[in-house]
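Pasting the structures here.
Note that subunit A is present in both complexes that follow, paired respectively with subunit B and with subunit C.
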Partner chain A sequence: MEKPTVGIYGLTGCAGDQLVILNCEDELLDIAGALDIKFFPMAMTGNDEECPLDIVFVEGSVVQPKEVEMLKKLRERAKLLIAIGTCAVWGGVQAMKNEIPRDEMKRKVYGPEGKVFDVISAQPLSNFVKVDLAISGCPIEKEQLLHAVASLLHGDLPRLPTYAVCTECKMAEYPCLLLEKGQLCMGPLTVAGCKARCPSYGQPCRGCRGPVEEANAASEAKLLKEKGFTWLDIQNRLRTFAASADSLKIESIKEGTNA
Partner chain B sequence: MKIVKLPKKNLAEFIGHLNSFGQIHAPVKRGEKSFVFAPVTELTEIELNCNRTILPLKKYFFKPVETMFNFCAQKGYEVPVEEQDKKYIIFGVHPCDIHGLKILDMVFSGRYVDSYYFARRRRALIIGLDCTPDELCFCRSTGTDFVDSGFDLFLSDIDDSYLVRVGTSIGDDMVTAADSLFREVEKEDREKYKAKSIQRRESFQTEIQLQDFPGIMDLEYESQVWEEVGEECLSCGTCSMVCPTCYCYAVFDELNLDAESGQRKRRWDSCLFKDYALVAGGHNFRAERSSRVKNRFFHKQRGFVTQYGRPSCVGCGRCKAYCPAGIDIVEVVNKLRSQTRV
Partner chain C sequence: MHNSIIINHICRVEGHGGITVNIKDGKVAEVNMDIFEGPRFFEPLVVGRAYDEVAPILMRICAICSAAHTAASLMAVENAFGITVSSQTRLLRELLVHGGNIESHALHLFCLVIPDFMNYPSAIALASDHPAEVKMGLELKKLGNTIQETIGGRAIHSVNAVIGGFGKLPTKEQLLELKEQLKKGLKQSLVTVDLVSGLQVPDFCTSPNIYAALSSDGAGYSLFGDKIALSTGDTWDINMYKELCEEKVVAHSHAKHSRFNDKPFAVGALARIALNEEKLSGEAKKAKKRLGLSSHLDNMLYNNAAQAVELVYSIERSTEIIDELLTAGIKQEKPMEVKTQAGTGTGAVEAPRGTLYHNYSFDEKGRLTEADVITPTAQNLANIEKDLRVSVENLIDQPKESLAPKLEMVVRAYDPCISCAVHLVEVNFE
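So, the complex of A and B:
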């Protein structure tokens, strides 16, 4: 079997998802043996920026017009485009304050130096191109990445969890931080795959993996209000990682709960 | 049934004896208010007054996630080997959880016997312990507040002693091996047991009438109540995970990077999950959350009755205790019931 040609690209983000690939230390040789990696500047020299690709993994969100062009070109080059990490899938933390006009934001952050580049609001890849598979996480889980690569080698897309962090939290029998400590836990709204890592350390889920398919944020907001959290607390937590997700938009939740 | 008496001051020593029959698991504290069944070696580690553990006993026999077999294009498949002679004793199991196990035994021993479940189930000894109901317990309403079988030993608190019912021959072995710790049951003990039994029965704070409920559910199939509960439900799956009788699982393959081997696994599933009733071609039979909530109640209280002659709910109160949205089965049942009566 011919090895699939692969490119690993990063748009705007912390490069943490690419780092997860490199952190697969025990499996790196297997990965390198199974894939024909053509582009991965974080890990190698001699990258090919023009060849056709079977699979392209793209990390980071789109925040500049030139990234839109780059992404569209990648889409044309690749048979499969896979978004890796919450930035690529949901916009990530940089999409948190998208309602602030970009010029104002640039002025505040960069002063006069900001004039040299163009920015648009931070957006997920799917706002611009068709995404064949989304592997969310901040960063992605190594197991999910390996699982995805193995499935792709078989000509399949992987089966990733679509259920909430609560499910994995209960499976591991961690005490519920929402109920037992009244903490602002995003477990019921956040897609599983991390094996409830934060609750395992007594920390509430921050929602870094993005929402479950049918996140019932209105019900979560209602129960958080009952526990004494303000709309601002709730809003800040809801939009930290996945502000672009319709189901987490505070405006629609407020309307729904008649607040 | 043989019944003996174990003075409470002898319990620690008895637990010590039990270590020779297998690894002891019992409720221990986790977090501030939660409990879990976990390995212990002595009495001081055990929370005798725990009302409910996060997960019921199913976690021992029907694992949250397990490998069913490894497969390889060249070698075929092989079932992972577990230690076949390792026995474990689960101590401090309340009547509701014993009933839960009996229901799982029934389900998994049906037409297609679940060998994974029974390979572990056969290696477990059950030592029951009675309990005082809290505000979430409604096992009296589900007829699961007392057990006549399903245990090797069952301990009932009669103040300074436990009255010990011996349910199996291995239970008898456990008593015999620690013979000097046990006493004969005397008249006074019998009276205490009966008085305690009445006292316990009268201490239930929550009651629902379930006897004619399947019919009421059919009548209320289109009830607005399902929409209301659907609005609250987070689809987080918690109720299914913590339920002693939820036994649905999803089977899937995980492949290795060599592109020719992998594992077939199964993990707990929940009918509240959006993709639970999703089929090939993209149709979802229960795309609405309200229909999924309704399905869960219907299976517990309606479908199971038709199939097995009793509801599969054992009144343990876990679904209410751990539901982040506070959905209360007792409230739902009462709402449906009051609608019918109006």
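So, the complex of A and C:
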């Protein structure tokens, strides 16, 4: 079998998902041997900017018009486009205040001189191109990445969990931070795959992996309201990593707090 | 001088930085280090957030400096509220930051610098001819990640380091296991020093540098400190960091440039060694001597060698910290309780690529009203441009094909997070 040609690229983010790839220290040389990596500007020179790709992994969200062009070009080049990380899948932390006009943000950060670049609100890849597989996480979990690469080498897409962090947490029998300790835990709304990493350290889930399918944010918001959290704190916590998700829109959450 | 507007500084430049050099009539007209990285507006994003949400958001500025961002952010919050953490927390936090330093320096040296100096396009290509060296580099990198996982709960974006302490404390067994791995790592770091000492370092970017780094009252070399020391002899309390980092927006960059008295300055491993070399001890001190660092402080390409020295230092210091923790015995402390109050606090840490500042103001309920983050790469940009100019002036007779890679080498020496290896240079001959 010929090795699949692969591209790895980062739009706007922290490069953490590409770093997770480089953090597979034990597997890196094997991965590099099994794939024909043609385009990985973060880690190599001599990148092929034009060749067709079997698979492209894209990290980061889209915040500049020129990134839209870059993303579309990658989509055209690749048979499979895989979004890696919560920024690529949901927009990430930089999308949390998309309701504030970008010009106002630019003025706040760069002052009146900051007119030199075009910025759009931070958006996930799927707003612009078809995404064949979404691996979320801030950053992605190494095991999920390796599992995906192994599946792709067999010509399959991996099956990723469709249940919540809450389920993983219960299975591990960690004390419930939400019900027992009254903490603002996002476990019920967040897609699993991290083995309930934060609760395993006694810390509430912050929702860094983005929402699980059919997340019931209204019900969680209601519960948190009853526990004494303010509407502002609830809204802030729920809308940190994936504010663009329908289930986490302000209207969706408000239903619960008005009830 | 400063205006009252909050300025964002994006840590990383690796994917989307560039260089523009304009040459007119055989003379360098203009040199720009361009940052095209998309802005994320981190500072206004955290305005209005509760104090305990700030670090988890702002550590996401950068994956590879995530441990340093986490530590600086937590310290800024604690300083604003007048919280003094226990010595155990201080040691664990320091260990976490050393994990980040080891991982970052190993990644930079083995994945970027050594392939660069040996004319390979990547570490993977280098591995086909030199598998043992690359494997060793990856093992060192993994050692840094193992420390961050053990102490921080995750290699990137720590979940366990929180305001006032740690969620879960490491066990004695975990620390002993780390110590074993550090023992092996120390040997590997000394081999790294050998490797780096064999690299031919060109002198085309030699020019005097002003250096800045944190300075601590302690006897040992440190990545922490309450004072900022400059090679000019000036010192400030970290709360005065804005005096050093006069910022200005430049048209070609989404990052702000810092200058001191209108002169560029440099931060990073070489700056730290320039300012604190007499505090190095043990194998790190020998490594510094071996690499002849003291006589090459004007050549930023020696920042790579300085990172090799720090790789040794961070491994030795991590071992010391673990011994200290084991001798005292791990106390099952809960994170300190937070009593919010209106106030302002600064946190500063030496990140792998230089001094990192976080400064926050909170209202009495503990909601953030203002944030300012100054990353090392933003501080270095003006100095990078200075070195690029010197390099172009020294190499102006060379053809574009041989000049461009040399300029990329200069930028990479500053280790602007993970430097982008391609299309970094655009030289326009008019």
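Convention: the second predicted complex is superposed on the first by the 252 of 259 C-alpha atoms of A that agree within 3 Å, B and C clash if a C-alpha of one lies under 4 Å from a C-alpha of the other, contacts with A are read in each partner's own complex, and residues count from 1 in each chain.
Throughout what follows, a contact is a pair of C-beta atoms (placed from the backbone, for glycine too) under 8 Å apart; a residue touches a chain by one contact, two chains touch by 3 or more.
All values derive from a computational prediction rather than experimental measurement.
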{"item": "Side-by-side fit of subunit B and subunit C on subunit A, or clash", "value": "fit"}
{"item": "Partner chain(s) touched by A:V109 [first = subunit B, second = subunit C, both, neither]", "value": "second"}
{"item": "Touched partner set for A:D30, first subunit B, second subunit C, both or neither", "value": "first"}
{"item": "Residue contacts on subunit A - larger count, subunit B or subunit C", "value": "C"}
{"item": "Subunit B versus subunit C as contact partner of A:K181, first or second or both or neither", "value": "first"}
{"item": "Following superposition on chain A: angle at subunit A, subunit B versus subunit C, Cα, nearest 10°", "value": "110"}
{"item": "First, second, both or neither for A:L81, with subunit B first and subunit C second", "value": "neither"}
{"item": "Which of subunit B and subunit C A:V58 touches, first, second, both or neither", "value": "neither"}
{"item": "Partner chain(s) touched by A:A242 [first = subunit B, second = subunit C, both, neither]", "value": "neither"}
{"item": "First (subunit B), second (subunit C), both or neither touched by A:T167", "value": "first"}
{"item": "Shortest CA-CA distance in Å separating subunit B from subunit C in the superposed model", "value": "12"}
{"item": "Touch list for subunit C against partner subunit A, complex", "value": "3, 5-8, 11-12, 14-15, 37-45, 48-50, 53, 56-57, 60-64, 66, 107, 111, 121-125, 127, 131, 134-135, 138-139, 141-142, 145, 153-157, 159-160, 162, 167-168, 249, 251-252, 254, 256, 417-418, 420-423"}
{"item": "Of all residues in subunit A, those that touch subunit B in their complex", "value": "1, 27, 30-31, 34, 146-147, 149-151, 153-154, 156, 159, 162-164, 166-167, 170-176, 178-181, 187-189, 212-214, 216, 218-220, 222-223"}
{"item": "Complex contacts: residues of subunit B adjacent to subunit A", "value": "30-34, 36, 53-55, 59, 64-65, 231-238, 241-242, 252, 254-259, 262, 267-268, 270, 273-275, 289, 322, 324-326"}
{"item": "Partner subunit C, residues of subunit A touching it in the complex", "value": "9-12, 14-17, 19-20, 22-23, 25-26, 28-29, 32, 37, 40-47, 60, 63-64, 67, 92-94, 96-97, 100, 105-111, 113-114, 116-117, 119, 122, 138-139, 197-198, 200-203, 206, 208, 232-233, 236-237, 240"}
